Amino acid sequence: MFLIKRKVSFSAAHRLYSDALSDEENRAVYGKCSNPNYHGHNFSLEVAVKGEPDPRTGMVINFKTLGEILEREVVEQLDHRNLNLEVDWLRGVVPTAENLVRAIWEILESKIPQGRLHSLTLSETESSSVTYFGPHGGTT
Amino acid sequence: MFLIKRKVSFSAAHRLYSDALSDEENRAVYGKCSNPNYHGHNFSLEVAVKGEPDPRTGMVINFKTLGEILEREVVEQLDHRNLNLEVDWLRGVVPTAENLVRAIWEILESKIPQGRLHSLTLSETESSSVTYFGPHGGTT
Amino acid sequence: MFLIKRKVSFSAAHRLYSDALSDEENRAVYGKCSNPNYHGHNFSLEVAVKGEPDPRTGMVINFKTLGEILEREVVEQLDHRNLNLEVDWLRGVVPTAENLVRAIWEILESKIPQGRLHSLTLSETESSSVTYFGPHGGTT
Amino acid sequence: MFLIKRKVSFSAAHRLYSDALSDEENRAVYGKCSNPNYHGHNFSLEVAVKGEPDPRTGMVINFKTLGEILEREVVEQLDHRNLNLEVDWLRGVVPTAENLVRAIWEILESKIPQGRLHSLTLSETESSSVTYFGPHGGTT
Amino acid sequence: MFLIKRKVSFSAAHRLYSDALSDEENRAVYGKCSNPNYHGHNFSLEVAVKGEPDPRTGMVINFKTLGEILEREVVEQLDHRNLNLEVDWLRGVVPTAENLVRAIWEILESKIPQGRLHSLTLSETESSSVTYFGPHGGTT
Amino acid sequence: MFLIKRKVSFSAAHRLYSDALSDEENRAVYGKCSNPNYHGHNFSLEVAVKGEPDPRTGMVINFKTLGEILEREVVEQLDHRNLNLEVDWLRGVVPTAENLVRAIWEILESKIPQGRLHSLTLSETESSSVTYFGPHGGTT
């Protein structure tokens, strides 16, 4: 089994605030991440596609194809945007790394033409990231 | 001559918009960086202090001292903030990397207890940065 | 399933020397790593916590909470220390990366308030690391 | 279970061209990677060996031993070489990342003296890599 | 004085071989870099433009403008190419890092619309690079 | 003018303690860096050699030559060593980054066969480094 991995990045603003929580609870849970005027990150997204190489081409999926899908479906949608206000498919979502990566999974899953989406890793900073294996995936 | 360098980072939101320009000019000059709902970055700041080591201690300035100054004067002021709205000493400043680094210079210059501030490098992303040598500094 | 990952680093001295081996065997097994006067590294530790996000907060565990635990339980204990001499919970342990990461697992496992500890990756250098999945974990 | 990881790099030329495809198909499938005059990369290879530490030494396998194997079996064979023309064990292989990593697996598998080869990750660039888990390995 | 820096990368093949030297001398001087079948790198190029920010825009030169120039003048010309055979403005040039960076300077110098080209840093690998300050530039 | 840069790294133990200071002063000045049992780092050293390329070879100095000098004169002397106890040319030197880099300059200066030593950058961690321009060098 092979995993093909490709990384892109986008710069966006967000704040963590849940309507299900009071203002006080929001501050307690999210701290300075709940700043009403937003903050931002250079988010990095690494997608992993699993599969076997096509014997004719020797590839599971072309890095270039994968890069173009990520550019179109993720970077063009999220780069230089406000993740709380400006993205249709994030409406009503508290933009934690966990919720973002699950929403990105739903966007990407059906768009992968060869192989199958295995996992997504979204990094907020060089020291903080979330990996998601999909609704049915996982590791022991 | 020695340069002592220390790096910190902060995550902030900003937008590029100048009152001296029309909305159309703003879009023409700043492109998607002028998005009214902001975007953001993990900014990285590297400070360089120049000087000669104190013969008793063998140091120009302690990395730890330098780090604490940067933490207090820069990171606590800018991290998880909106650079257009929330920082007193950035009021009225279009937060381009050039303007940010000059404003940070003014804040830091008098706070360096040993050696002298030589230059500041502010990175917006891994591939984009500005280095400032101060109002009287420079290189050939 | 989600993995939440957070990275910290610490600078420490160690030497590899086992009382179960003769001096000659120590040199044969550990080479220059057995230097009696110690050497050192900037160790990097990445912790992975697995779980499902709390639907109210959208988080498995807050990056900040996880970071504070790592700071208190690992960095404060190991940073600028001698791993052979100064850490209670490493007494009698040959501080190989394997043994260190297992000892850190025992310290951290019960301290994770949400989700469960999935794996720890300890890097000695940029090109050398060990990942541990716990006494009952593992991958195929 | 432990994974011991070690990284090396090598600089090589290659082109993607399959005799099973027409020239037109080669261009359609591989794009500029099929340039007849070759292009090149700083390839990075990370090997992961799984196992339990020997209780006497506290190591699954010495980083140094692993590094020497990679140097001899991979770097000396591939560094500053043309992967299409100059490597016996790549003859007839279209040097995609997938095919390269599978060929390297076959070379390395029997050479690991302690533990067992778990996976290999070959990066062509900082944003493009392939991980291979061997003919019988894999993840869910 | 400000330096605006922007980084791009390209993957190319080359070999070091000088017609002014015998085959034996070529091998002696360039070692395995003179392999007749080529090798390759992920080259990284960082351009530094010096100037003062325009008071209306707060920028010396837009990162985006600079990036587009580098993309068009350097990346499109050199990426996935053979630097010995396929680039008009490298014809007759032994493609050492020194010679490449000087040739790139000549291409770029007149293309920078604001500020002035200050220096170019070309990296062959993460540990090997050359910085060029132009025919009239330099540092003490 | 060209700068040729090459980077190496070494893992060593040290402590900061000056005989010219009392124990109390040592703790006040050096903090946890004065731990009597040592701590350590993966030090990284980047050397910059300045010069003009030889027109016959197109090189100021071969990266390989420079790397071999650094390996022999620096890495073999300092790697896996205790910088307070084991290095002849560091005897009596408080091993601050400033003092280390000056001592390394004295070792290297006469060993560079082509071009001239321009500067040395020694990093203790990814965020802390010192650049030295030699006893007669410097920047404005």
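Labels for the chains are A, B, C, D, E and F, by order of writing; each one numbers its residues from 1.
Everything that follows uses one rule, which is that a contact is a pair of C-beta atoms (placed from the backbone, for glycine too) under 8 Å apart; a residue touches a chain by one contact, two chains touch by 3 or more.
For clarity, every value in this text was computed on a predicted model and none was experimentally measured.
> Going chain by chain, each one touching the next, work out the least steps from chain D to chain E.
1
> With chain centres defined as mean CA positions, report which chain is farthest from chain C.
The most distant chain relative to chain C turns out to be E.
> When the contact pairs of D-E are compared by residue number, which of C-F, E-F or B-F has over half in common?
More than half of the contact pairs of D-E reappear in C-F.
> Rounded to the nearest 5 degrees, what angle rotates chain C onto chain F on CA?
Between chain C and chain F the superposing rotation measures out at 180 degrees.
> Could you state the distance in Å from the CA-based centre of chain A to that of chain E?
34
> Approximately how many whole Å separate the CA-defined centres of chain A and chain D?
28
> Touching at least two other chains at once: which residues of chain E meet that condition?
Touching at least two other chains: 124, 126, 137-139.
> Mapping chain-to-chain touches, which pattern fits: line, ring, star, complete or other?
other
> How do the chains pair up in terms of touching? List each pair.
So, checking each combination of chains, I get A-B, A-C, A-D, B-E, B-F, C-D, C-F, D-E, E-F as the touching pairs.
> Quick check on the complex: what are the chain A residues that touch chain C?
Its residues touching chain C are 16, 18, 20-21, 29-31, 33, 93-94, 96-99, 101-102, 124, 126-133, 137-140.
> For chain F, which residues are in contact with chain C within the complex?
Result: residues 9, 11-14, 32-33, 35, 37-42, 79-82, 85-86, 124-126 of chain F touch chain C.
> Spell out the part of chain E that touches chain B in their complex, as residue ranges.
It is residues 1-8, 48, 50, 53, 56-60, 62-64, 67, 118, 137-139 of chain E that touch chain B.
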